[in-house]
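Several structures are given next for inspection.
The following pair of complexes shares a single chain, chain A, combined with chain B in the former and chain C in the latter.
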Partner chain A sequence: MSEKNVASESSAKNVVLRTSDEQEFVVEERIAVQWGTIKRIFEDTFTGKPIPLPNVDGKTLAKVIEYCKKRAETEPSSAEGEKREKELKRWDLEMFLDEPDDVIFNLALAANYLDIKDLLDAACEKIADTIKDFTVEDCRAFFGIESDFTPREEEEIRAEHRWAHDLSRN
Partner chain B sequence: MAEREERGGEMAEREESRLGNLEHLPAAMLATILTKLDPSSICSVASTCRTLRASASQIFAFLPSFHLLDFAPTFQLLVPLLPPNPYLKSLKIDCCRLDDSAIGLLLQPSLHELYLHNAGNFSGAVLSEIGKRCHDLRSLYLGSVAEKRGRAIHISHLEELLKGCSELETLNLMFDASTFLRVCFARAWTLASEKLTSLEIGYIPAVNVTALLSPTAGPRQPQNQIQLSIWPNIQRLCLSVDYITDSMISTISSTLTSLIHLDLRDAPMIEPRVSFDLTNSGLQQINQHGKLKHLSLVRSQELLVSYFHRVNDLGILLMADRCSSMESICLGGFCRVTDTGIRAIMHSCSNLYRLKVTHGTKLTDLLFLDISATSLSLTHVTLRWCNLLTSLAIAHLASNMDLTFLDLRDCRSLGDEALAAIGTLPKLKILLLDGCDISDAGISCLRNAVSSTLVSLSVRGCRRLTDQCIVALFGNSSKVALRELDLSNLPNISDNGVLLLAQSRVPIQELRMRQCAQISDTSVMALASMQVDDSRWHGNGLQLLDLYNCCRLTALAFRWLKKPYFPRLKWLGVTGCVNRDLVDALARSRPYLHISCRGDELGNTQWDHSDNFYVLDDEEMDELEQWILNGEEESDDNDADVEMEVAEDSNDSDG
Partner chain C sequence: MVDDGHSMANKRPCCFPIAGSPQPRSLPPSFQLDMDFLLEIFLELPISSLSLDLSFEKLLESRALDSDQNVLIDRALLLGSLLLEAGKRCARKIASKRNSCVWALPPDLTVKVFSILDTRSLCNVAATCRMFHRCAEDPLCYADIDLRTITPKVNNAIVSTMVQRAGQVLRSLKLGIVPGPSTSYGPSQPLVFPIHSSVDASGFSWNDKRSRQGKYSSVLTRSCLNSLLGDNGSAAGLLLKRLHLHNIDRMDNPALCAALSACPNLIDLEIVGLHVELRQLLESVSTNCHLLERLFFESSKAGRDDSLKSPACVDFINSCPYLTSLSLRGFKLHDYKAGILVKGFCKLKDVDFSASYSMTGAFLRNIGNSSSSNVLEVLILRDCIHLKEVEVGRFLTAVLAGDFKFIRQIDISNREGLASEDYWYERCYNPSAFPLKQLSEERPDVHLIAEFPSEVSFLEIERMIDSDANTDDSLQSQLSSHSSDSLFVSSTESSYNNDQGSGDEDDRFADHVIYEEIL
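Here is the complex of A and B:
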């Protein structure tokens, strides 16, 4: 309780978040309430204690916060409408440029859980960009899946989608 | 089977650095990813497992954008991919295997953007259908409609299109509009939406344009009614005409009051007379309403070697005076313009970011001498066929640190010092150096750029380059930015060079080695076995490979071009005439690969390779080189040209 009192006295209100691996992060309230999940908790059951986020680990949450902070900083842009969309898109791609795939994927999962539309969009865009030129084998490796088709189905698929990735083995 | 086990083992290893299992992938997230993919990638994902197949097949009813340009689908193929989709906003498709029967499939009412490329099999009715069905359309591109014999576009089709699409802002009619009668054409345009701001027409005679826009054109009105104007709100106009004339320029400049972007290109069939040509007085008429920011005037050499002989520095100077807000200028075929004219432009237009000059045969190193005194920040520069420019000019130009696009093709006096200057540009993405006098030592200056920002490099015909240039470019690093490399017409590139390229494991996507006489089957084998980034890709990432006229390729090479090699190859260039049966067999085994056997340039490249005179015969090449190095004009049989040169030399004052 005292935490909350102290927080409300200071000019920047903060929220404490606890991740799945027991790390705690302090985030400005005005950033945190932009996240749908946090906003709902705020409105319903907020008690002042750290909010538990069992689906997000510390490393990912740190990146989420970094992204949101940077976004907030670059918000006021002189460009408008479509141009601004393009600028933001390019900026997003640059931000994720060197990150390994699993980091981006975890970011997308976190954004989905926390209901942060912009980040989810940006991370999915990056994932889509990554798998764009993949063959079927590459896709399977990427998602970590095995084919569960029957041989009959496999033939059907080959015929149907052959144009897309030229499945014939020769 | 063994491969599968091995793969399983690899995957187990990878799982730690890879993603979690599919069960952890929320459906909403998967859907978001899928909607951002192109149709062929969605189909690849759909072929992985049952769950993804189900999700992917549903996604086609929700896709906001469907772009399929590097493969021409048939009607049957499209049916499952284009169900009625109220979210579909953007459709771009190669229609060469489609015809009117596909109209219902393609013309969905929710569309804002529609691009139909290669629509030669469609009749003109497709225009009226668009007008009837796609009322929300903002942007329309129609390529080659009805060009196959026997299918004409009637003016009523155009009228229905313009009447029905009342929200239309951008219109590209990439076909021959000369068949429409002038009066009918004018009447049709009065039906166009007022929101139409951008217009491009594939071909229209200059007289038609002038007549269309002149105040006396248009339908007969009763005398107390105001004349309806044609194209009243056009801001962007791109026309391909037969001759750029003074009267056309003058009419366009006076009647189009909102014009911001003007792009005119002509291709004369005969040498134009003075009343049918662009002269200094025509240039002075440009930008009468002061809003022009982009200007492009190009005389292409497609049908006849011909230039704007009647324009000299005076015309350019007077134009530059009135066009100080210009941001982009392209001048093609102004062979009489000298440094004075271009410098006047650079000093007058402080917002200039794009400068393109082709056939600037009089331009010298003085051109960029004081460019650092201006506040210019050029990002796109093209200086093609400017044979008097040397490395000194480029050194001055390179003071523009914002350069991202640099096209210096056929500037034969440029050498290694130019590359030293270019290597310092921190943002360079595209660099074209065809036909320049550079060597391996110069290429090594580009290594920094290649590893950090340079995506596309062309050194076609730089005959001094050897296999060492590969080492010079990449060093030992495979993490480079370069994706497109053109090594065509290099007689000293051999299999060793290609081996070095394959060993470097650079993730090249487009590789052109046209007419490289030393390339043999070994090169194809090396490229086929090239591994790039094992953790992510299987096989190399090449999407385009052009080996046209590499005469040492045999049947063995064709075996290595089949599956499973080159899994991502979409475009292939080979010589078809001698080994027709091999090419046919390859085409049968890889039906979705574009194979070009007649030397056409491949891919969606924007580099204009027309007007090339590259020949294979070494002797002829040397003579050509000699002749050009002597600094003569390239149109050799033009008496008028010689006369004018003589006249100029006696009148010219040094400046």
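Here is the complex of A and C:
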């Protein structure tokens, strides 16, 4: 059975992860231990059996693994310090360019749960990038949000943020 | 319709305070149940304003007294508005619930996303719904406050609200009026004097009294930075690293100095177009901001600020040893003071004294021997009216001789050309004064920018043979396509004046000769 093979492999260099929808993924240990949550499991309670991840579904985990693999491949870079930060940021944004928004959100949630800082930062950057330059109406329409302010609150907020609203109308 | 055996006629006397009766009856415990029941029935009535009107009119007519009728009308209005409010309140509750279902991220991640946003976008999201508004109040969202606008829109209250929200998280504050995105500050742009006038291009006057009247003030006054001060030792300015203030007309010396006194950890200070004196600013910086690494100060007085004295320079260099970037643009800056400054900061890499009056460039001679000459990377002396050609020549010779090992950019462009040796009003723009060819051979890493007006029309291109230069200089594309390290001298008169479609060249290039040494 492939599961038995997988179990014996996990003692070598791989880890098996089981998602909320019962899918199993084999991941190289060196990649998986970079994830805070997995690392803690390794240090505490790892038994060699597949690690359950009830908060992540298969589709999202696949993307997480894809991201981490790609990142690992591009790690060595000639640039350094701030330049490298910018390079990586740009690379991240490109990677997420064509992904629909709900995928990005799921990635953010998964990265938060798995404690993968780089992916979390990248996903949040992408979401922020989407929100940037939205007017109030744009934002509501895009996310399907409705205003739930009382009339008095509405007035206060209008005054407080007036400078921003006017700008966006220009 | 629910029929529970009670008829309306039976219920009414004991369950409702009768309109017009002298004393309200005490309400039985089943009142609320009755209310629920009646409300349900009422809401299920087929809605037609006609039938409602008819019933109400009939009810009114059944009351003989005017006063009774008025009471009924008042009650109808009251109940109507109560029902309206209840409906709206519940609609809001449902909207809130729906919003929290639709938005996938928990509050801490939402705050994380919001903290990446620029201040304007943050304000827009905050105005969408309560959930976002709450998240947008988190201090983390205000670490970097950018309230710069193109026309005056921000007032003191907005600044202080945000600064107070940030508290100790505040790291960067940018405030004031800046030109639109089509123009930019930056060392490569020539200074346009005055930086701002009292009436800008759009006809809006920053001194417009009208903006002070009316309900909403959109003016920043001298107190706009008061929130940095705070009262109790946990002042917001304490950990502030960056402060950029642009064209705040009503800012003055005392207010600015008071603000600086609250910012001991300031690293980057940028002041443009404020009516603040150089000497006072430097004194305040020397007293308070010992960690300063970048000072960018552009005068609002076009060379008339002559306040700087040597002792203040000495004090400055002693108080701020970490300074790496110094820009003092548009001041009266004599050579010996410039020399004190450039020699005195041992970490100084970027120097910009553009639009300085009285500076001849003699100070460049003295710094050649000091340790600072081996740190300097960028030297910008654009549009310094008294800058002498000979001094520039001497400087370039020193560079060739091995001084200034790390210099990589020198900008001596001047709309009027350089000053001649004897009479500053005689202008020179002859490239042969400079050892350009030698420079490109021996110090190819140095980028020399020298844009001067052209009198004569000549075209001469000298090539260096080394074909992997890639410069993104836009002028390169104006000439025939060389893709080499090229030293070239070009007159633009023939190629630019007649060329209407010169792409993104400004008018100022229209009659300029450009000397470029390109890596």
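We take it that the second predicted complex is superposed on the first by the 148 of 170 C-alpha atoms of A that agree within 3 Å, B and C clash if a C-alpha of one lies under 4 Å from a C-alpha of the other, contacts with A are read in each partner's own complex, and residues count from 1 in each chain.
Heads up, the rule we're going with is that contacts are C-beta pairs under 8 Å (C-beta built on N, C-alpha and C of every residue); 3 or more make two chains touch, one makes a residue touch a chain.
Remember, it's a predicted structure, so these values are computed and weren't measured experimentally.
When the two complexes are overlaid on their common chain A, residue A:66 makes contact with neither chain B nor chain C. Contacts of A:155 after superposition: neither chain B nor chain C is touched. Touch criterion not met for A:24: it reaches neither chain B nor chain C.
Legend: residue contacts after superposition of the two complexes on their common chain; A:109 is shown touching both chain B and chain C. Of the two partner chains, both chain B and chain C are touched by A:133.
In the superposition on chain A, the residues of chain A contacted by chain B and by chain C overlap at 102, 105, 108-109, 112, 120, 124-125, 127-128, 131-136, 139-140, 143-149, 153, 157-158, 160-168, 170. Chain contact summary for the complex, chain A toward chain C: residues 102, 105-106, 108-109, 112, 120, 124-125, 127-128, 131-136, 139-140, 143-150, 153, 157-168, 170. Within the complex, the chain B residues that touch chain A are 7, 10-11, 14-15, 17-22, 24-26, 28-29, 32-34, 36-41, 43-50, 52-53, 71, 73, 77, 80, 536-539, 541, 543, 562-564, 567-568, 589-593. Note for the complex: chain C touches chain A at residues 92-93, 95-96, 98-99, 102-106, 109, 112-114, 116-121, 123-133, 147, 149-150, 153-154, 158, 161, 216, 218. Residues 100-102, 105, 108-109, 112, 120-121, 124-125, 127-128, 131-149, 153, 157-158, 160-170 of chain A are the ones touching chain B in the complex.
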